[in-house]
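Chains here go by letter, A, B and C, matching the order in which they are written, and residues are numbered from 1 within each.
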Amino acid sequence: MSVSIEYIPTGSPVHRLHALTKLIFALAVLTISMLLSQPLPLLLLFFSLLGIAALASVSQEILSAVKGLLKVAFFLALLQVFFYPEGTVLFAPIPSLPGLSVTDQGIIFGISMALRMMVIVTSFLLFLTTTPARSTVLSLVEYLKVPYDYAFLFITALRFIPTFLEEVRLIGQAQEARAHDFSGGGPLARLKTIFPLALPLVMISLQRAERMAMAMETRGFGLPGRTYYRTEKPGAVDIMVIVALLSAVAAAVLLRF
Amino acid sequence: MPSITIENLTFSYPDCSSPALYEVNLTIEAGEFIVITGATGAGKSTLLRCINGVIPHFQPGTLQGNVWLDRATPSGRVPVARVSAPQLARFIGSVFDDPEGQIVSPIVEEEIAFGLENTGVDPAQMDDRIAKALADCGISHLRHRATSSLSGGQKQRVAIAAVLALAPKILVLDEPTSELDPDGTEAVLKVLFELNKNHGITIIIAEQKVTLLAPLCDRLVLLEKGRIALQGPPRKVFMHPYIFAKLGVELPAPARLAHALVQAGVLPPLDSPDAPPIPLTVEEAFTLSRQLL
Amino acid sequence: MPAKLTGRPLIEVRQLKHIYRSGGEALKGIALTIDAGEMIAVVGRNGAGKTTLTKHFNGLLRPTTGTVLLDGQDTAKLPVAQLARTVGYVFQNPDHQIFHERLFDEIAFGPRNLGLRGDELTTRVDSALKAVDLTDYRDRDPGELSRGQRKRAALASVLAMETAVIILDEPTSGQDYQESEQIMAILQELNRRGHTIIFITHDMELVQEHACRVLLIDDGKLVIDSPPRELFRQEQALTSAGLRLPPTAELEQRLAAFGIHSDAGTVEALAASIARRSSQITARDSFKENCSGGAAACQ
């Protein structure tokens, strides 16, 4: 699976927006999707996200992630459809278990739930693929007053994903080169074939975490009076986008209540 | 300018029967260029870790004796163990023996900026300092690359550049060129030499590549099983080929040639008054050979 | 031994290009063949593409375009686990593979995957341990070894598979002089027994002493493919690819103009040659001196 959660520098107009704007965008989409309960508006919201992905030239990555998400969404919908208690019963697969019946409202609820999940994940993927980690840290620190250390550690965790994936690839290669077959047999055998990958990975990651702390502090991490290389200020476009986003959230709240 | 005094330093890693360093005494003057060498396991990294504060700030174990940082503060000398790691970063820059483990940023230029930001460098100066450090290490073209996609040697260069950009008074480097190509090794060593000569930066470097470092350094320290087996200016130290052989350290080819010429009977013993100085470079070895023809 | 007498090369690389998803073109069209029983050094500056190239020989990387044939078969069509029966690969970082709690089991991992069991397995593992001088650590936790020792353990775990081809990515980096010599001696011995050895290195002295053929890679292209001695004669090409002559070779070349030759390529041989020359010269001079009444008269 190739779900990309790395920053993809394409230099699109979306990339040029301030990190704060894009963070607010992701949070606004989250809020709005929570407020919407009908499948149609959620679907519209979802398609507009895909539109933005195209504008940001990250469609390929987002679509491949969406493909992966579809399965999860399907299960989520199915679960809701079968366990949603209210509404007119359309169909009961096991008559002796009335709890397991399918209702009209259940179908709508299930589909909405799945769409909502897709919308939220997609909006955060959009945020991550179009915003460098460093800009996120800076906007968290500067505008949302998150202490630098926490913001940095949080983002460092994110930054380790590519390194981690690279590590997984290398360890996999090293074991395959010793004739290890990762594809073997049934589920239990499969689980066992993972050990040669998982164990070195855990050991390397633990080691790495220790060394990171050392590498950071010996370069002055934690000293007072930190300065920032390349701080970006939100521009006029950012202000406009933020205002539009906040109005959209307000509208959604008004519509709902 | 701060200097370093090591007094009776003994260190054991946890659960280890024998100490990794045993009663080491060493004074390193401000502005000195000093090379530490020895077989693997001799204690080079351990000694460097005691100097840059990794021991005891990050590495547990039993530490006896002291490492003093002289004239670092107006109040005189302080033990390294009493200065916090980030504070030490104002004086000492460290390159570790594992370049991958010390990269903390996703993009190369951010990695170089990281230390500058921490130590409160004026952002207006950062671009120049980043560009200079990258150029010194021959990686200007990698400035915007993702650190996770670099080759082994490229990562090592980034790690060195990140520390050079900080312009510390003392540089402690643990086998910084182990994965570098000859060109990169030469470039990095040249930068160290210039920092040392032109800016009086103290250089403490653990290396196997004695041949390349001998012409650049003031002093060579040979470690054997946690003790100092031999130390002095390279030409003096190279008088003792049998100690090199015993410790499993390669004597550089130019010095080996001089010893071989003595063996062949065309040079007087190297410690006699009319013997020529031991050559350190190919150039010197060539000149010496020419004189015999 | 693997050297099949089919006349076809063991490894054949045709117009190989490799493009990393996020890093651009790492190999820009490489063609070469490798015969069974060769001992080859791969050299080039950092980022030249050495690791990328050699990972194609056992299918760890697949060509973006072009083909790599192993014993006539397309590596892109075979699983790595199967290619591993013929080609062993020792990674630069030993921690990417070590995961057992006992060194013996770590070394036995590869041979077990090949189906070896019982006495045969034990023999294989023990002789690999002996080759890398780690017999004393047989039942210890490999995590407790020094990095140099772990690196030799990683080497042993590939040796124990007795593959026809063994590829090593910078096997001597981070090792001291003695350990490097020890590792190279092992490789030389394997080569003598018929294994094909391919090693990546930045150490030109190792190349000079141990390789029969050098591949110089620069910017994703194969620039020079020759025996070390010939490579060292092309100093220009060497330096422009980020490499340097080893000191002994440089000295030898500069002294060649004065009739000094080192047959063995060592400093000692150079010194002997200098001594011979200088005694000839002294003999001649003293002859002159005797005939014409002292050095002063010569001038």
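The rule we apply is simple: contacts are C-beta pairs under 8 Å (C-beta built on N, C-alpha and C of every residue); 3 or more make two chains touch, one makes a residue touch a chain.
Which protein is which chain? UniProt says A = Energy-coupling factor transporter transmembrane protein EcfT; B = ATP-binding cassette domain-containing protein; C = ABC transporter ATP-binding protein.
Model, not experiment: these values are computed from the prediction.
Arrangement of the chains shown, judged by which pairs touch: all-to-all, with no pair of chains left without contact. By C-beta pair count, the most extensively touching chains are B-C.
Inter-chain centre distance (chain A to chain C, centres taken as mean C-alpha positions): 45 Å.
Per-chain Cα centroids separate chain B from chain C by 27 Å. Residue positions of chain C with contacts to 2 or more other chains are 93. Shared contact sites, meaning residues of chain B that touch two or more other chains, fall at 146, 149.
Residues of chain A found to touch two or more other chains are 207. Interface residues of chain B, counted against chain A in their complex, comprise 52-54, 57-58, 85-90, 92-94, 96, 98, 101-107, 110, 113-123, 126, 130, 144, 146-149, 162-163, 166. Listing the residues of chain B that touch chain C in their complex gives 38-41, 97, 100, 145-146, 149-154, 156-157, 175, 178-186, 208, 211, 248-250, 252-254, 256-257, 260-261, 263-266, 282, 285-286, 289-290, 292-293.
On chain C, the positions that touch chain B within their shared complex are 20, 22-23, 44-48, 51, 92-93, 146-148, 170, 173-179, 202, 204, 239, 242-244, 246-248, 250-251, 254-255, 258, 260, 267-268, 270-272, 274-275, 277-279, 281.
Put simply, chain C touches chain A in their complex at residues 55, 58, 60, 79-82, 84-85, 87-89, 91, 93, 95-99, 109-110, 113-114, 143, 157-158, 161.
Across the complex, chain C is touched by residues 167, 170-171, 173-181, 183, 195-196, 199-200, 203-204, 207 of chain A.
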